[in-house]
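Shared between the two complexes below is chain A, which pairs with chain B and chain C, respectively.
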Partner chain A sequence: MVHDPRLNKISRRTALALPLGLVASSSTIFNNLAKADQPVRGGTMVMIVQPEPSTLAHYAVTAGNIPPIATQIYEGLVTYDWDQNPQPNLATSWEIAPDGKSITFKLREGVVFHNGKPFTSADVQFSFMEILKKYHPIAPLLLAELTGVDTPDEKTAVLLLANPAPYLMKGLAGRDLPIMCKSVFEGTQILQNPSANKPIGTGPFKFGQWDRGQFVRLDRNEKYWKPGLPYLDHIIARFIPDAATRSAALETGEAHFAGYSAVNYADLARMKTNPTLDTTMKGYEMTPALSVLELNAKHAPLDKKEVRQAIAYAIDRNVILRDVMYGYGKPATGPLSSLFKTVGFYTDDVHKYDVPDRLDIANRLLDGAGLPRGANGMRFGMHLEVNSFGEQWLRQAEYLKQALAIVGIDLTLRSEDTATWLRRVYTEYDYDINEPFLSQGVDPVYGLNKQYLASQIRKGVTFVNDSFYANPEFDGILNEAMREQDHDKRAVLYKKAQQILAEDCPLVWLIDVQYVSVFNRKLHDHTTGPLGTQQAFERAWLET
Partner chain B sequence: MRFARYMGYRLVTALPVIFGIIVLNFLLIHLAPGDAASVLAGESGAATPEYMDALRHKFGLDQSLGMQFLTYLSNMAHFNLGYSYRNDADVSGLILERLGPTSLLMLTAFGTAVVLGIILGLVAATGRNSWRDNIISLVSLVAYATPGFWLGLMMIVIFSIGLGWLPTSGFDTVGAGHEGWAEVKDVARHLVMPAVSLALFYLALYARLMRASVLEQTGMDYVTTARAKGQTERRIMTGHVLRNALLPIVTIAGVQAGNLIGGSIVVETVFGWPGIGTLAFNALQSRDLNLLLAIFFMSACLIVVINLAVDVIYVMLDPRMEI
Partner chain C sequence: MWQGVARFARNRMALFGAAVLGCLLLLVVLTPVIYPDNPFKLAGPALQPPGGRFLLGTDTLGRDVAAEIAYGARTSLLIGVGATLAAIVFGAVLGGIAGYYRGRTETVLMRLTEFFQTIPAFIFALLIVAILSPSVSSEIIAIAAVSWPSIARLVRGEFVALGGREFVQACAGLGASDARIILNHMLPNCASSIIAVGSLLIGTAILLEAGLAFLGLGDPNVMSWGLIISAGRAVLRSAWWICTFPGIAILLTVLGINLIGDGLNEALNPRLRER
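Presenting the complex of A and B:
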């Protein structure tokens, strides 16, 4: 049997979550503005998505600006409640085999795709084996153990696994592993399929129109399988490149919702004083991310643990939090986001760098590493590659230059455009310190494995192990944790892994990022689960 | 007949120029480090080498530069601008979509600027050092010195947030389903602020240029002669001075009209206007070479055509010049 108590509870549960029940509970959990108000049918919700996606091929590209649109159209086998337990969606129930090597899904009856084709196990099989396994960028992590999908009947799909993959039950939402229609893709070149930008799914909204540079329009799916839903007639995703104009569009009421920090942190204080607007930090519980410094261990003196630790000591994370992030987020304590606390994998019982005498320690470590200060007070110079994905990273870099100068490290900032920056760091390894922003996925497997396993030192691949961290003991723990079915045993392994990393300090962890949504008070029930903006707005409604 | 032969000759000699531009653009673009596959994979957060190899193969980036160039030339020879893999769409479609809004914005702004600039310059010059001249000169100096993005944002604050008269951004009200005149009015309301913030800079430029040009011409001998013949001041101005004073305006306007297709990244960004400027900028950022080359190619063609048009306008204004 399954040992994980969380999964166990769910696997016995069948289709209990009737749509109306979910509506009621979510309103009380989150949206206290709605109170007794009854949802209203109709209306057009305008949300801001930033930047405009280049494609809607959600199954082959995982850029963060695609899911807010794509998850209205594509659904996953399950969805998640606030405690991040899987809930029935396209699958009504599931059973994990005692050996963990197969998961049997019972599929929902009466679901049809937007093109009128009924949803069956063949679609699940095709989506997993022919599309996701082959073309999804994170499939090599998420679906590494998947060997096949059995379809004993139209409404049963069995995922076959080479080894237990306990993390898989966390990644089955429409955001991570969407289900596509087999007949749309069969016999075509998957990556050149015309449905890339005219997606066809089972979700509450159908693709309507995409005027590039302006908006994507989604239309109500009249045949959606949840009776009476969705409430809205249309969702318009608008693209406004300028941050100040985005804020203005919310203030004038032209737009109702902006998730994923599409509004500059700097504007949030002003937004909060506007009586028509409100903000929430909910809906990002399954979108953990850390801002970090990657240290190239091939470039002396970063090969010395003491030097890396000294850098970690020298930085005051509270300054970054206050001056760069405008107070949104938390100082990072280690390699995992504190959002993993909910599922019991996070620990702060690790080597601590935010201590009162941190500057003395840093200086002592650098002295001990044989790096005395020169005539100008500097011990050595390094280049910092400035993250090109936004202005805030330059501000962070400017602070880092000052902070490291205090302990005698002379940073030179280098700003390049995205393509040049990525090539320098991940293909040519021609960098000392890099300043990326790392998404950590829904399970420690994603964030930890790709960043720290020695096998993930892969020239030319972006956002993997480019700091050359290689620790066989650590690799062993991570590989064991990946296959361990017992939740508590996994937690123990991950605790150990975090402690080792914090001690070895291959990266410097800066901020546990917190996204913010801004919304018009007329819009209700927009954030109904931990996936927030990255799940369907089927229960969202607009006051008239 | 001579006119047609001249046009034909000019168009034929333009071909090697355009070919040269194509070759140069292609080579310059490939000097930029990084490629579309790494940007795409970068945005995806993580990817495998196999995934990136597959992308490079799909984009044709695994072929030699010479081979890529031949493919590109052969496509161009067939009037095929290629496919944007990043956008999963045909390049020609992507550009055509933006051409309408770009032309609308640029022609409105540019047309207003040229016409109003000429009039204001004339008014200022004919009343030299009068209150009219002083006001026009002062306003055009301020407009010339004001950055377009700042003006745009200030207009949003005043007219959208403060007064609620105009929409903040976009091309039309999405999902409003306007048709006919309602749609025209809706687009016009969206057009006002971007057009004004773009036009003001050019307007100031042309007003100042026109003023200086008219003043220079009024000091010429032929004006004295005309006056001696007993012509009225109005007749001197419209019949003699204006034509001559327009020549520098046509020259400058011809040069600047070449920028039309490039759009204005700043104004497009501030007002969320779906123009070609931002399309080109994003294409460059993401190393979407087919798209970028196509935009370059189109601007090159436009500039050749505009140069030709400017030469023809010269002849019309000044009969001393010949084709």
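Presenting the complex of A and C:
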């Protein structure tokens, strides 16, 4: 329902003008009710984005801090409901051909870009073929099968696929495959386009101003195609490098929203006792991530399955969860995040490592692998590369050193700056154990394919298969699952894949990560779907 | 010599400093007895306040803060003394050569020294540790590398002053080698100044080490005060004890060493003797 704020004002004035107390008080009650569930037009929402993005070129750079701003401006063909089913957005309807090799989208009438140009199928074609497929870091994976986009008329776009790509229907939101305006980019150097940091899209908010080091201001799009929306006049994305100051900004009401765990986990307990604030773990259902240990199978004795399994047994994930992650998340059971349960791809029917007698099993496996304890109680020594993306990873590394010492593995921690760390691990492969944090994308295709396919052993490419896992049977299953159109058959294939991985144990899966949003209770309807902070705040409104 | 000790003992502040340092050394010696376990060991529940089973509480991973501080003292002293010794040896050699030979050698060496002196010490140390990859030895190298110029300038100044004195010229006249003159006659005569400045350098080195560890550039396998503070910073408002106690340890240690340095300076510096 579209709410007209003028009505409210008139009724309030009328009520005050009336001398009858009865009428006045009933009107007050009405106003209070209205406050709680009736959206109000206007206001400026301040959200904290951490850290400040280096660019707003959402179509060429993937970093978790860009979408909270960019998805206010760029929209996708569809959005997703809480069950992660596609819902109409820039496309009003779609049809997948029976052979799965084309998808026909009917596009919405009356949509205009912020520069006044109408949105047509040519924009879809240009965005997919000329920008995303060529310059986006992850989209080429999503669009691997896309051979072209047909535009029979202005409001019809047909994606042509070499093979069925069932996962594509999961990645059409503005976060993953945004639609840009063809006339802005055509004939220019895409990566040098001036709209990189002054984005032009079809979304509910227009780019206003970027004061480097301070904030990005977004202004209400008066011509937004959803009538009456958005409610807010402005969104200010503020950048506050210091964690304590970020928390203080929320506590004082200076900022209304902080998503993607911009607030230190350690501060959340205190935030929860603040009556003006609330937290939610919703809105991250399509942002699965796992913290893991990568084991370099080229370095003995990590080439032995028993040794890798022993490491998996030796770690108490509940300690990491409690003391490093402050209780946010879940112990990981296998290679896929449990968030894939919603779509039926996750299974915990795999080789289990969190068992009561895990230390005995670990010791037995290591004994069996011919690695007896030496005089100092240690069997062998290894280096652990400390993740340089934040201090919590050093805490985790310190715990891991203690945990593995119990079963006789002597870890030496090595902490280097980000560039040196990534080069050592992904280019020089000069590591034993690495502790990265892996995003898994919207479909198992991304997380599993890039991490475990033998073809993804790519020297110099970060966050791909660096553990040298190569299993032809497994590769066959993943490649089949990638093209299988029947959802249930895909689920069976992915279940089998997870079971093989959990048994072979090329990685040790630690924590199924849970992000948290902190918000002021005056801010309503901010998290309206599974993409949460990475979709537009068109329905968000502020109590006055 | 005994005169010097007596003069030092008359200085109450210096005695206080010596007492603090004495306690610290005692702690370092007794640490393996009091806390036989590795300081990284998860000793109990996380974030226990001080006073219970754990004298100074536990940190975010449930490690005993008191044990961490005790082991951190060893690291701080090791790196503080190690880096200072390295800086003194290197600085004294360079400054000595420059001050003894003078001329073009001096010009080149002293411009080099000044060049190093103009680089901001902490940032230069950060850079060196980042390049060498964090470890105890790279921290010692980095801190020594930013500390030697002051020693070099001091020694050069003393050598220039001593060079014209009769006893030095007499040695040269008797045919003593350069090495003999420098090591047996000149160095002992500026030892008091080196000791005074060097003792102050230890304090600076300990502060630098804590700063490096705080920024995550300490050796991750060795407990240090900076590391404890950096780990406790996130929970400063809910668990004050994690940052506070190592902070007090750094404060007392650096203060104590500085007071000793001042005391030594007064006791050994002839110009201050009569005050």
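Everything that follows uses one rule, which is that the second predicted complex is superposed on the first by the 508 of 544 C-alpha atoms of A that agree within 3 Å, B and C clash if a C-alpha of one lies under 4 Å from a C-alpha of the other, contacts with A are read in each partner's own complex, and residues count from 1 in each chain.
Throughout what follows, a residue touches a chain if its C-beta (ideal position, glycine included) is under 8 Å from a C-beta of that chain, and two chains touch if they have at least 3 such contacts.
Keep in mind that this is a model prediction, so the values were computed, not measured.
Model built by superposing both complexes on chain A: chain B and chain C fit together without a clash. Legend: residue contacts after superposition of the two complexes on their common chain; A:386 is shown touching chain C, with no touch to chain B. Using the contact criterion defined above for the overlaid structures, shared-chain residue A:244 touches chain B and also reaches chain C.
Counting residues of chain A touched by each partner, chain B versus chain C, the larger count belongs to B.
Applying the stated contact rule after C-alpha superposition, one finds that A:323 touches chain C and leaves chain B untouched.
With both structures placed on the common chain, the touch criterion links A:414 to chain C but leaves chain B unconnected. Touch criterion met: A:463 reaches chain B, while chain C stays clear of it.
In the superposition on chain A, A:399 makes contact with chain C only, not with chain B. Within the superposed three-chain model, A:91 lies out of touch with both chain B and chain C [touch as defined at top]. Of the two partner chains placed by the overlay, only chain C lies in contact with A:269; chain B stays clear of it.
Here chain B and chain C sit at a least CA-CA distance of 7 Å once the structures share a frame through chain A. The residues of chain A shared by its contacts with chain B and with chain C are 244, 417, 420.
Remark: chain A residues 44, 46, 54-55, 57, 61-64, 135, 137-138, 140-141, 191-192, 196-197, 211-215, 217, 234, 236, 238-242, 244-245, 248-249, 251-252, 254, 417-424, 426-427, 439, 446, 450, 458-464 touch chain B in the complex. Within the complex formed with chain C, the residues of chain A that make contact are 243-244, 264, 266-267, 269-270, 319, 322-324, 386, 388, 391, 394-395, 397-399, 401-402, 412-417, 420.
By the touch rule above, chain B contacts chain A in their complex via residues 32-36, 38-49, 51-52, 54, 58, 86-89, 94, 97-98, 101, 149, 153, 156-157, 160-161, 164, 167-171, 174-175, 268-275, 278-279, 282, 285-287. Taken in their complex, chain C has these residues touching chain A: 38, 40-42, 46, 60-62, 130, 133-134, 216-217, 220-221, 230-231, 234-238.
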